[in-house]
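Both complexes shown next keep chain A, but they swap its partner, so chain B is in the first and chain C is in the second.
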Partner chain A sequence: MILESLLPSASTYAGDIDRLFDVITLLVGIPFLVASYLFFAFIFRFKAKDGKKSMYITGTEHQYMKWIHRAHVPILVFDVIIVVMAVRVWYDVKQNLPEANSTVRVIAQQWAWTFVHPGPDNVLDTADDITTINELHVAKDTLYHYKLEAKDVLHNFSVPAFRLKQDAIPGRIITGWFEPTMAGTFDIQCAEICGIGHGLMPAKIIIEGAEQHAAWVEANSPLALTVAANQ
Partner chain B sequence: MAESIRVDHAAHHDDHHGAHHGGHEMSFTEKYVFPLDHKMIAMQYMFTGMFMALIGGFFAYAFRWQIAFPGTEAPLWGQVSPAEYNSLVTNHGSIMIFWVAMPVLIAAFGNYLIPLMIGADDMVFPKINRLSYQIFLISAIVILSSFFVEGGAFGGAWTAYPPLSTKAEYSLTPLGSTLWITAVALEFVAFLLGGINFITTAMNSRAPGMKMWDIPMVVWMIVIASILFMLSVGPLLAGGIMMIFDQNLGTAFFNPDKGGDPILWQHLFWFFGHPEVYVVLLPAVGIVAEIITVFGRKKLFGYKTVLYTAIGTGVLSFTVWAHHQFIAGIDPRMANVFTVTTLLISVPIAEMMFVYIATLYGGSITLSTPMLWALSFIFEFLIGGITGIFLGASGNDIFMHDTYFVLAHFHYTFYPIAIIGTYAGFTYWFPKMFGRMMNEKLGKLHFWLTIIPFNTIFLPLFVLGAAGHHRRIFDYRNFPELSHPWMWDLQALATYSLIVMLLAQIIFFYNVITSWISGPKAPKNPWNANTFEWTATSPPPHGNWPEGLPTCYRGPYEYSHPDRKGSDFWPQNEPG
Partner chain C sequence: MSWVFERFTRSVVSMSALCIFLAVVASSLGAFAASAQEASADLAKGKALFGLCTQCHGTNGGGMQAALAPAIAGLPAWYIEAQLVKFKSGQRGLHAQDTGGLRMYPMSRWLQNEQEQKDVAAYVASLPAVAPAPTLAQAGDAAKGQGYYAVCSACHAPDGSGNQGMGAPPLTGLNDWYLLTSIQKYKKSIRGSLPGDTLGPAMIGMVATLPDDDAVLDVIAHIQTLAK
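On to the complex of A and B.
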């Protein structure tokens, strides 16, 4: 609700994260409003007046302490709800790796992104792979695995419209997944400071319908380009 | 028992006592440059910290200008280049935490208050104390000098993640990176020395009759904070030395090309970095406890409860560090564990907040300047606390990590701690420190012109963060999704608010200087407070109580006690 009103929601799990955000807002908002109300009410109600002495309360009396104890019950219940929901979303996005329809390689370096798409054979690391700079092309409603690498320093593969972030670490290949649900062009941003060009490292993710995407793959595979060059 | 220890400790620093009691006039250098008196060392820390805060604040202005108005020249700075931008954000963070929050809250208030509040004539180790400040001063000079070396100051964020921080060809600041980590390591040494002093003094030099539960809360808090610091800083100090080796000697602790692991640094950094939040939080919480009891004329609600929540928070803070690394490439299963521990911290912290609010109940509240600061601490920190829940929830952090939401969240914790807490303590103890009363009108004007802009800086940043704005981006015009007109309006609002807030600090310094010179003379105990420092003259002389040290007869918060006739406070040193 809240996040969707601020930016597009373009992956299968974006809605789950948006809902988690809404629930947390509600569950921390209620205690916050109650605490703020009491805080301001006490300040105004107990302003110093001539001849009026303060109450002497040590904070060990049951009649007062019970309110502190009672207040903990909702806090604990809310904590449990938030933990359960957060872990479920986390498991779905980061721990679980559903079967993929296709795989792309994402390589971050100072200060550009290289994307390797499988060619018409839909298999990565073959002769017909399509390599692009700062433009990732994917098909809507297709489940992708990404293989994330960094060449030099830490980077972060962040697609806000997907609600996805993952650090890229030199020396490691990190695998994750996403499934776009909306056609369009969205930002890819580096979200881990990576040197002086960090703020100048934008890329795009271009999501198209399956047919248009297939046409793009056909037109851009090295084979097609060679044929075109020969003609 | 207490008596014999005190005799002992007096004998240990005979030399400096002799200097005082012998009536020998100290030279200017002895008194102000190389002092042994805890109060003078506290002032050195206080004013060095405030000076560094001005620099850190000015840095914030320069890079906030670039964020809101990219491509235009920032008045008094000029065009901000990408390299400068990174150096500014990096050193703003480093300076505000290591050279402002730490020296002011721990070292300045710790040094000033511990001996005065426990009824001692000085710290147990005055020379270690002096050494601590001297090392701290060197570390401050080193961090500032990094702006003037070839390549400029380090720009890899205050977290200094390798390989960016270890390899000059990536950071392009070959000298700046090393000076940065050297300064941080030196600063840690300074605070380890100070911490030894605080813990030893509070445990051994208390006035006769001052039992554990009679120690004022702020002293407890500084002691607990010092213990947390000592327990957490070891790994990072080791990590800092590994980093210096990686940078200069070709080792590969953090270098994946040769089998090292860049993530190792993150663990070392955050194992310290998270407890560090509580290291600076606790002294501020203690300062607030002193102020709300005095200006509420109220006993602290649940003294032991506050203490236990502080200890509980401190212990838990060692188990949450990896919530900074959810998406850093750690084993994703670990995120579940750290989500649970992180949310558990909400229990003691909520308890602490409740207890503070409960302390206001039934009080007789005067909204003086220190009280306004103390109350605003509670409210603003509450916002900082609840927004932490969003980020501790792993599933949500996948999106929120490193956005302005994070930035706004921790500014809502650190700002109340380092700035509001400091102003609360400074305005409260100013009469004791300088023997003059501050101007209340100017004090309140300064309060409102600081607190309102503070909120209008950071509330918009929550919204921008929720909309996906990342931190540490030089120019948002490169990202269409971050360049909607309403976003630029919020960025401009934040920047203008910052300028107003910075200008408002002129009122504070004007108030300090004029009050110091010509404010009304402060009596010994202007606030009718109970704790020992208010029984010494304002300001207290070297040795604090030349007429003899006080004895403790009761706890620090006996305000409006039913057995006490004729006044609503009951000083700790009054027999009966």
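On to the complex of A and C.
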């Protein structure tokens, strides 16, 4: 609700993450406002007054300590709610790996992104793969696996519209997933400081309908480009 | 009444001619002023802009192999400027296997306009050339390389000083590792094959005259013997 008003929600799990964000904001934000109000209200209400001696509280009397103990109860309850919700979302986004309709390779380097898309055969690492720089093409309502690599240093594959962030680590191929739910062009950014050009490596994810995406794949496959060049 | 019409016509023609003349003079002066302004590069601004480049190319422009950044100090301004244009427009570097080139793509976009490209190119050209140390583990045979270099000399000149008219940069004073990776990139069409690169395809053809890896090392060894 809060995030979605600022940024489109374009993946199947973006809504779950937004909901978690809202719950945390409310569970932490409301007590924070109440506590802040009481803090300043008590400062003004019980400020030093001439002829009035302050009371010394040792911190052991139940009648005073109960106000602290009682506050612990909602904190513990809220913590449990947040942890349970967060673990469920984490499992769904990071631990669970649903079966994919297609797979793309994402390669990060200082300071650019290389994306390898499967060609018309929809199989990665074959001769008809389509390689692009700083531009990832995907189809709406299609579940993708991504194989994330880094050539040099730590990077982070961040797609704010998907609420997706995943570190890219040199020497490792990290597999994750996403399913776009909204057509359009959205930002891809590196969310891990990776050197002097970190701020200069933006990319785009272009989400199209299935037919449009198939047409793009057909037109950009190496075979199609070779035929076009020879004509 | 005819003399009135004739005089009116003559004055209109005269005024029109005068206006055209003034317009031509004004536009010529404007074009001259613009070209004079365009031609002048601001070294101080170029030095300030070069601050970003120093992160990889070093403060003296001597390059840093670990950052895949070659020595550029003292290279001609026209070549530096042309490469910045190529990097920015995606004619060079925008290839998935060109790791070094992809690092330059965003850097070139840091320069906002042609004047900034000109300024930084002029500053790089003003830097004293640095003699890079040899880095290749296996040295080639310079004598054999001289034979292979005959093809290169047609554009890069027998003494490796380059030829602006041909768009061929000087080859002297370049890092041996940079020469090696550049030739390898041309051989694999990683460099020179991007849309809009008019000179690159010629280099792809030229490096094809080097039959094997030894020949590549030989020609690099010969280039290294050419004085800066």
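Please note the rule applied: the second predicted complex is superposed on the first by the 231 of 231 C-alpha atoms of A that agree within 3 Å, B and C clash if a C-alpha of one lies under 4 Å from a C-alpha of the other, contacts with A are read in each partner's own complex, and residues count from 1 in each chain.
Basically, contacts are C-beta pairs under 8 Å (C-beta built on N, C-alpha and C of every residue); 3 or more make two chains touch, one makes a residue touch a chain.
All figures in this text were calculated on a predicted structure; none of them were measured in a lab.
Of the two partners, chain B and chain C, it is B that touches more residues of chain A. When both complexes are overlaid on chain A, the residue A:P31 reaches chain B alone and has no touch with chain C.
Once chain A of one complex is fitted onto chain A of the other, the partner contacts of A:Q166 are limited to chain B, with no touch recorded for chain C. Using the contact criterion defined above for the overlaid structures, shared-chain residue A:G197 touches chain B and also reaches chain C. Looking at the shared chain after the overlay, A:S221 reaches neither chain B nor chain C.
With both structures placed on the common chain, the touch criterion links A:Q110 to chain B and to chain C.
Contacts of A:K151 after superposition on the shared chain: chain C is touched, whereas chain B is not. Within the superposed three-chain model, A:M65 lies in touch with chain B and out of touch with chain C [touch as defined at top]. Contacts of A:S9 after superposition on the shared chain: neither chain B nor chain C is touched. Of the two partner chains placed around the shared chain by superposition, chain C is the only one that A:T131 touches, whereas chain B remains out of contact.
Residues 110, 152, 195-197, 200 of chain A touch chain B in one complex and chain C in the other.
By the touch rule above, chain C contacts chain A in their complex via residues 52, 55-56, 94-96, 99, 102-103, 105-107, 109-110.
By the touch rule above, chain A contacts chain C in their complex via residues 107, 109-112, 114, 116, 131, 133, 151-152, 195-197, 200-201. For chain A in complex with chain B, the residues that touch the partner chain are 2-3, 6-7, 16-17, 20-21, 24-25, 27-29, 31-32, 35-36, 38-39, 42-43, 46-49, 52-60, 64-65, 67-68, 71-72, 75-76, 79, 82-83, 85-91, 93-95, 110, 152-154, 156, 158, 160-161, 163-167, 169-172, 174, 186-187, 189, 191-200, 202. In the complex of the two chains, the chain B residues touching chain A come out as 82-83, 85-86, 155-157, 161-164, 167, 170-172, 256-257, 262-263, 296-305, 326-329, 332-333, 335-336, 339-340, 343-344, 346-347, 350-351, 353-355, 357-367, 375, 378-379, 382-383, 386-387, 389-390, 393-396, 398-399, 401-403, 463, 466-468, 470-476, 478-482, 559-562, 568.
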